[in-house]
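Accompanying notes for the structure given below.
We just call them A, B and C in the order they show up, numbering each chain from 1.
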């Protein structure tokens, strides 16, 4: 009954309103994703919790290594594979049935991500984890995590040409609010969580950038989990 | 398309505020509206089979591993065993029963020509998956077929015939 | 097969008018309730028939066997149509229910299995068709005064003189005539259907969603039941709390049954929700303590000694001590679940002292008897309806009627009509597996590398022991389904000193025939061992096998055909390797060549060529389809098949950890049928056995590694 009533409740006017709001949001969102990289001052990153910090390579790299451990965790890495097939499980094996990335990162044909991955986690063990916009990075911006050393991945994250054209502020926005990133900490029954909380991850990310966004030495290897 | 999504999203958000998840839900299946009294959390598979009464869509694993339950939501393949009814509200649901009027979809014809089915249990899902492939790629290669069909298990092992039938259906479509 | 089955053919009339052809069981004093049979030619009738011809021209064939993918829905009507002179596509095909009339002509019970349907019914169905044709012709001859030999049948009509009658016009009168004592069957050169590829008659309903499987049974008032089973196999309910389960909307009832607790609800989703909310305390069964690790060690120890004598010639131990070289191998094969695509299910309705059952079963009579026993009803008060089977592979032929009994118990305990549906997890963990098997082989070679002595022991649970109620007690405790393929192997013809022994084991996990049964492991052992022997002799594996097949022409014919068509001698692309295997199973002879490569320590099977000699191929396209099917079934078994146990708990759950080969893993498959006048064999299973050994032998060619235990996924190649 509810839905029927709702069907009637949604008048033409409200449809237009919704469409307008969403278009506005879309325009605003697009205005942020500058195609060219605009270097920004460190100060601009600041928010209420992070006061401007001095450049400090040790603190920066230390923070990055914590970020790195998260990004290399199966919850993050499994959808940032080196190939075009996502990974699965704590051992990051190739996803059963070999779904492909596709141009937009959302899969192909009858094996699009959302053919199985629902807006929310499916209850039960070994069921598809959910997210409203489940996808891999697109084909023209693969953002591979798998097999990347700390220095390689840090460079990739900072370079707008390989980080989907994000400046520092946008990076922080992404790691703070992107639903797929947050979803890493709500992975569905039976799956391990990445190290630390999402909040700690964001803090480490901010610290890394705020203290100079130092890239770890090529000699530094990631901790084995 | 975009309007449709917004529309559905709005309904569901509102509904979710209510504690009891049971509603009279209207599902549009194969161009026909069905009113069902169901929890919006119920997998679409069971709504279709047990409430709407269309049994062509099959239960094989319940965890999106086998593809026997594949149906279309606005033309896109979904595994109905893990798709909640709420996702299907406001969408056009197509099941094997609605793929064609008279078993004459090029895929169904090719399935007959190549004697594809054996036990037949998985074939609804196979055909529904193949239909999305052909719509998006009218000339699929063997690799494209793998990329579309590896989500559908057939224990009888009709895969070589499925492959041949998809190629045949693609040919038929091209000559149309 | 030398019974004269003409004598058992009966005819009769349908109430609605028309002709009915049935078979009776010789000696069975069964005056069946006549049902639709109104009159007869003075002979007792079974209520079911093989063939009904209505006055409306409808031609209905009731199958004595069930369709589970193997294609008999098409093949059996072909046999009938061939003699009846009707258009195959005009025939209405139905499954017969449980009835003695449908007993297997060889096994003597009603069963679909053992790859026997087509050859065992080859005469009976043709006779039924021919008998009907003669009766119809007799009526036409009588009506027109034309001599019977001048009457001609064609496409459902009889032409007599200038007159043409449809079968429907003649059927009522034909029913009144006595059955002819002799019918002459058509000779091979006059066959219109047999031997020609015919399209499946069930393909239409299997492409538009209309085919009805057991899972699809629906009627007003029918509820769905799911069962909570013990996590330790075979455990019993100690107590349960259903308060939360019953609070779930749609859950109607929760009942205890011998195998667990059943939640009965309006639909499957509600029932599943109820099952999740159920709290059950279990008493562990005797499976506690069983683990794959312990089992492996125990079976290895057993198989290291000589067991019950299966086959013996000369003195194997003497022969071995005189051998120049000795090859030793210990093979381990895991339990395997059949995992048909349609999870097991059964619908039961009990009403007014009668019970009606709908289920996909290979053993309708066994299910009927089991239900009768549980309910205390006479078997004739149990009606078994068999819809299409969504795969069987042996799992739907359980001598203990496990899942049907469970459903009957639920219906009995609840007093409601229920459709019991197993989840995939229930199915994978449900037991009745291909047994866990260990082989221990010692082969003695002479100076030229020829095998001269062979000592071979097998340790396994017996399948037939659990099927005694269906197929009788074992003779000498030797279960042929454990040793078939080793016993009677063509290689032993040339091995003077050999011994084959068997150790029967007992476990709390029930075992069952699994597509190709004992050949699933025996062919693997024999064919990988012979490959090893050939390699030791420095000989080409195809050429070497030929030497053993001098007295086995059908093995040889299959091997030669596949070697020729599969270009055995032709060089392969870099990184590709070939392996060969040959097997005889269910009266058919199959030779397989697998082409593989190794990538990242895993095998990729590129191509499989397979030749089969099954005698007459009634429907060649159907034979090819079954061979393809068997190959892919064998591929799954080779790559992934494994059920393991830890402390009585089965470790696998669903297709994510009990994997089935998918389309991208399917190689190119080419099937070649040997032109053969040999005795007809079965085709549903025989392609499974050589698949895994052909792949393993190709892996050896690629890597030099011999694989002594399956599945391959456990090996880093």
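FYI, a contact is a pair of C-beta atoms (placed from the backbone, for glycine too) under 8 Å apart; a residue touches a chain by one contact, two chains touch by 3 or more.
Here the structure is a predicted model, which means the values were calculated and not measured.
Student: Measuring centre to centre with C-alpha atoms, which chain is farthest from subunit A?
Tutor: Between subunit A and the rest, the longest centre separation is with C.
Student: Two chains share more C-beta contact pairs than any other pair here; which two are they?
Tutor: Per chain pair, the contact count peaks at B-C.
Student: In angstrom, rounded to a whole number, how far apart do the mean CA points of subunit A and subunit C lie?
Tutor: 50
Student: With chain centres defined as C-alpha means, what is the inter-centre distance between subunit A and subunit B in Å?
Tutor: Their C-alpha centroids are separated by 30 Å.
Student: Report the inter-chain centroid distance for subunit B and subunit C in whole angstrom, where each centroid is the mean of the CA atoms.
Tutor: 30
Student: Two or more other chains touching the same residue: where does that happen in subunit A?
Tutor: Expected reply: 96-98, 126.
Student: Residues of subunit B that touch two or more other chains: which are they?
Tutor: Those would be 63, 65, 146, 149-152.
Student: Residues of subunit C touching 2+ other chains?
Tutor: As it turns out, subunit C has residues touching two or more other chains at 654, 656, 662, 664.
Student: Which positions of subunit C touch subunit A when the two form their complex?
Tutor: For this pair, the touching residues of subunit C are 653-654, 656-657, 659, 662, 664.
Student: Give every residue of subunit A touching subunit B within the complex, in rising order.
Tutor: Interface residues on subunit A, with respect to subunit B: 1-4, 6-7, 10, 15, 18-19, 22, 96-100, 108-112, 114-116, 118-119, 122, 124, 126-128.
Student: For subunit C, which residues are in contact with subunit B within the complex?
Tutor: By the definition above, subunit C touches subunit B via 67-71, 199-200, 202-213, 215-216, 218, 224, 249, 266-269, 339-343, 388-393, 421, 423-424, 621-622, 625, 628-633, 635-636, 654-656, 660-664, 666, 668-669.
Student: Quick check: in the complex, which residue numbers of subunit A touch subunit C?
Tutor: 96-98, 125-126
Student: Mind pulling up the subunit B residues that touch subunit A in the complex?
Tutor: 2-3, 6-7, 10-11, 14-15, 18, 23-26, 63-65, 67, 70, 76-79, 82-84, 87, 89, 128-130, 132-133, 136-137, 144, 146-152
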